[in-house]
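One chain, subunit A, appears in both complexes that follow, with subunit B as partner in the first and subunit C in the second.
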Partner chain A sequence: MKKKVTNGLNVFAFLLPALLLFVGVLIAPIILSGYYSFFDWNGFGAKTFIGISNYKELFTSNAIGFLKALRNSLLLAFLSVFIQLPMSLGLALILGRNIKGERGFLSVYFMPVLISTVVIGQLWLKIYNPSYGILNVTLTKLGLESLTRTWLGTKETALWACFVPTLWQYVGYHMLLLYAGVKSVSPELREAAKIDGATNGQINRYIVIPGIKPIIRVSVIFAITGSLKSFDLIYVLTNGGPLHATEVPSTLMINMLFLRNRYGMGSTIAVMLIILCFAFALLINKIFKEDK
Partner chain B sequence: MAEKTSASSFSLDSGKYEIQKTSKVGQVLVYIGLAIWTFVNLFPIYWMFTFSLKDNKEIFGENVAGLPKHWLWSNYTRALNTGHMLVYFKNSIIVAVATILITLIAALMATYAITRLTWKGSKAMNGFFMLGLTIPIHASIVPIYVQLSKMHMLNSYWALIVPYAAFSLAMAILICTGFMGDIPKDLDEAARIDGCGIWGIFFKIIVPLMRPALATIGIYTFLQCWNELMFANIFNSKDELKTLPVGIQALSGQYTTDWGPIGAALVVATFPTLLVYVFLSKKIQESFIAGAVKG
Partner chain C sequence: MRKVLATVLACVMMVSLVACGESAPAASTDNGSTAPAASTENTQVAADEKVDLEMWCIATESDSNRHSYEAAIADVTAAHPEVNFTWEAIENQAYKTKIKAAVAADEMPDIFFTWSCAFLGDFVEAGRVYCLDEAYEGFKSELPESMMGNSTYDGKHYGVPLTMNIVGLFANMEILKSVGYDAVPGTYEEFIACCDKLLENGIIPFGCAGKETWCVTEYLESVIEKSCGAQTLGDIFLGKATWNNADVAGAVDTFQSLVTNGYFDPDGIALTNDEVKANFMAGKYAFYMNGTWNCADFAGNDEFKDKVAVSEFPVINADKATLGQLIGGPSDTLAVAASSPNAALAAQFTFELGRQICHYGYLDGCGLPAWTPYGDTSTVNALTQTVAEICANANAYVLFGDTAMNADAANTYLSYVDQVYGCAIDGAGFVEGLTNDIG
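Right, the complex of A and B next:
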């Protein structure tokens, strides 16, 4: 049967609800954020146009400390890609090999993903509590009292202490994605390699990992953009403290908006975050393409 | 991971026989590794459940990690009543259900228009919606806050429902596209010959056949709004409208030195999700895979 072009009005009617939501809440606000970022504005009074002064200030002012916040979130991204993802990949490769108890392990490892980050943050606040937290209590009982710390209150350990719960929560997420990939590698290919005398290590290296590259790419993108956007856990654990040691762009943005009423500057940070997320997504895509 | 390294270090020039021997040791190491990671995953959750039933004396010294000696259910009544957890719970349910409904309707209709109707620009429209997968929620926080406060709509359920639905949309359309592609187009044709219009086809054929997709999208959307903090924290500051994540923050400020009720609140917020997970683990995992792998 020949395809007939559908009446435009009907198409529009079907698209209308989604378009209203999408344009109203995502697209128009991005444009507005970009617009606000060129103004000095307290949110309610008159706006003063100041060109790119907000951007200049953002990158040069030590008082705002955006570069420090950016460095912190990039460190989190680095740790996610080079500690969390290898762990996830290792688990996915092991579980993807039809070992006994595969489903059970998978379900347990994925569980933390479903728990609200606020709950996880509150839970780890208790774990890290300097006097009663299970971490210091255990260290003391093991006779390692010298290792006990005010984990979240010390500049040197705070960011690491924030990274550990992230790791705990998201290893299972990336593991699940990668596991789905490992499972989709054809079993015949695997068998054939085994008959040719390949070890598990070789099969993983030459067959499975190349086969799941597209998913590794997605995982890397999620890990990096997720770190750049990270907010919930840091907000609950330290809110950027002590002395900005765990400040990330999102906490800084909220700070600008709701403590200092600098809506122009807050928008500038939001715009930088959008640009960074897209830039990193493109960069990772490019790296993976060239690798082929 | 232990296994991986042991296998690759032997892979270069060792014979087959030797490999099998080492992989036995490797196998044991693998299970030890898996067991440790299982413990690391489960212990904090177990600890949360136990301290939600203890008093400070047990938590702070007598019985840090064991099962509670006296099961202190009053922690729960305190969290639910004086801690307002009951109200927060209700709010979270209202927001989640409304968000899911709106997301489903908008995504189903849009996906139908993009994948089943023939018109110029349907591909471009799909690409446009997929931009939503990369846009962080930070992008819209200032303009939406300003707009909501101008319209006096801060502190209402809608202040959360509409943004949540909008940010869930891209993923919902992505999942819908996958499922709708599995419905044979011959069905549309047959219905058209029987005199069905495009609205009839949509409601009588597509929507009923999309039930599995609805579950997948519903689960995914539910978790997004059940756990969201940033919008909820800023747009709704009144106690009677707070959702669980914000409510827990408020409650933990109220009970700083009293851990039992905080533990109870954490359990109340987590329990429904984990309970559903026990029964639907596969479906839930699939909903996460469906979103990411096709993207």
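Right, the complex of A and C next:
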């Protein structure tokens, strides 16, 4: 009995520093955000308790446009899952076959993940520049001048123009996760399937992909929560404009917190983001469990 | 033994974490109370004791005010050997975030740059800014009371103005001459005729950075002011009158017609102000409406300085507006944190610094002096001298809308300006929306 208590204390003592960090850095800010979301507060003056008014306003005010921002994020999440992840999976499956130059390709595809998002933003700003950007210049040279646009300045194209680099940047990230999974599939299984006459496509479909489902689940969670939290690239490229066409909840949150001095409303958006991320993570886990 | 050692190590780690937490000052969450002003005892500094003063501002390396800050700091620190002065310059947009976060946490530097009116007003209301009345007594003869108005709240002074600026209509005279104009047209009708002629010749009349909405307001506010008059616009910005004004709606439609007539660079909507300014200097546009702080950069460019002229936007409705009604005024300001342990000394230091920044800024052409100029000012560039002449004939100033209004209202206003520029709403929609959202 005494040994059990001592062991328990030891475990507690070992866990305490990490627990304190976890509570201080993650849990406490979430609780504080929840607390501030019930106040009308400019960040430095007196706080006024207003109950759930911020939540009501968030979902009903056209001036704030939270639903539109959320829709943009969900669209990005959809594209991430149905365009970005299949691309990543495809690359991972190809590279997982021990092709020539595998390491080199891995490094190249992973490189955008290593580059600072601000640098990538600046790079794509130049690509999209209406006057000298490579996109418009190429279209003009190909005689497709009618297709040239002010890509980041037009409501109709800005959102898609932001999505392209966002998806492109993280293809390598998901590819690396999935590649690790592909590599962990037993070579004996592949060889056995080959001996039985299975093609590469059949091996991938019936052996590799089912084998890496837990990793696919993790990738889907990362892709969706990452899309809901997307901020930096959009902030650099358009800052939510033109006419709020590229607004996402995070840019809206920054706008509320630091431009409009509405800390209560900013905290409300933060709380909604946390709830949505958790909800989606649970939902995805459930879907994959049922599938199992 | 291993377990005991490991437990001890874990405890040491935990204690060190707690110690780290103690070393950093905790952010205050009780914002209802007013921070006490520094007592006189705290500000008594022994002659042989160095006092630390820290300043945050926006005079980054690329800012046209950078030189004036450097020169002023050199002067004032030389005069105050007892002060150990450090300063940090942060990019404009990032600074707005940083200073607000610092004010929220009550971790401000001793001296900080701010915009006057509502921006500083929020900080004053929260009790975070040191009252400068006592220090101002020693500088009254050099700094007119009229220049202190935008940083005066409830009759108390909280800011030291630096330079003042207005919105100027900058013109590339080389381009204008190429279409037969020797001067910027003086009437609105002539001005529009000039724009049409420029378009006929394949030249874009206006450059405007749609990515930074404040650049659009430089045009829009001038059009509204020259259509409805300074009094009307000023009253609306200060909340004394409603946005529900048919004249304002008409003026917004006038501005939008400039957009729909193709006078603005369509690519400008995706460009930053720096890019648009560079395009203007490269000869892409004939006109560029922006703050007169640009005079320094334009006059400092050997290739461009002889091509550029500055003037006032023409009157659109002579029944309600006149020449001499301008957008602008003293906005750039230095303030002292109430939490500064040496607030009284910082206040004195700030006035001296403000005077010198104003002096060098004026000489460099970064704006007109809020302080009474001293010394030889004959070297001031021609553009700034023209701005001085415009201001000498001014009869009313309306401060920039996003500075005059509080942060929430200002951003709502900017959002509607965006929609007007993007032709998503017209003048009626603009006033209706702002009436509903602001009043």
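The working rule: the second predicted complex is superposed on the first by the 271 of 292 C-alpha atoms of A that agree within 3 Å, B and C clash if a C-alpha of one lies under 4 Å from a C-alpha of the other, contacts with A are read in each partner's own complex, and residues count from 1 in each chain.
By definition in this document, a residue touches a chain if its C-beta (ideal position, glycine included) is under 8 Å from a C-beta of that chain, and two chains touch if they have at least 3 such contacts.
Please read all numbers here as calculations on a predicted model, not as lab measurements.
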item: Touching partner for A:F258 - first (subunit B), second (subunit C), both, neither; value: both
item: Partner chain in contact with A:N204 - subunit B first, subunit C second, else both or neither; value: first
item: Partner chain(s) touched by A:S186 [first = subunit B, second = subunit C, both, neither]; value: neither
item: Which superposed partner A:T48 touches (first subunit B, second subunit C, both, neither); value: neither
item: Partner chain in contact with A:T60 - subunit B first, subunit C second, else both or neither; value: neither
item: Between subunit B and subunit C, more extensive residue contact with subunit A; value: B
item: Touching partner for A:F14 - first (subunit B), second (subunit C), both, neither; value: both
item: Touching partner for A:T140 - first (subunit B), second (subunit C), both, neither; value: neither
item: Subunit C-contacting residues of subunit A that also contact subunit B; value: 6, 10, 14, 16-17, 21, 24, 32, 43, 131, 254, 258, 263
item: List of subunit A residues in touch with subunit B within their complex; value: 1, 3-6, 8, 10-11, 14-19, 21-22, 24-26, 28-30, 32-33, 36, 43, 86-87, 90-91, 93-94, 99, 101, 105-119, 122-127, 131-132, 134, 137, 168, 172-173, 176-177, 180-181, 197, 199-202, 204-205, 215, 218, 222, 225, 228-229, 231-232, 235-236, 250, 253-254, 257-258, 263, 266-267, 269-270, 273-274, 277-278, 281
item: Subunit A partner contacts - residues on subunit C that touch it in the complex; value: 3, 6-7, 10-11, 13-14, 17, 21, 29, 31-32, 96-97, 100-101, 103-104, 106, 122-123, 125-126, 128, 210-211, 266-271, 406-408, 411-412, 415, 418-419, 422, 424, 437
item: Subunit A to subunit C touching residues, read off their complex; value: 6, 9-10, 13-14, 16-17, 20-21, 24, 32, 41-47, 63, 128-131, 150-155, 238-239, 241-244, 254-255, 258-263
item: Residues on subunit B engaged by subunit A in the complex (per definition of touch); value: 1, 3-4, 7-8, 10-11, 16, 19, 23, 30, 33-34, 37-38, 40-42, 44-45, 47-48, 51, 59-61, 64-65, 102, 105-107, 109-110, 112-114, 117-120, 125, 128-129, 131-132, 134-146, 162-163, 165-167, 169-170, 173, 189, 198-199, 202, 223, 226-227, 229-230, 233-234, 244-245, 248-249, 252, 259, 262-263, 266, 269-270, 273-274, 277, 281, 284-285, 288-289, 292-293, 295
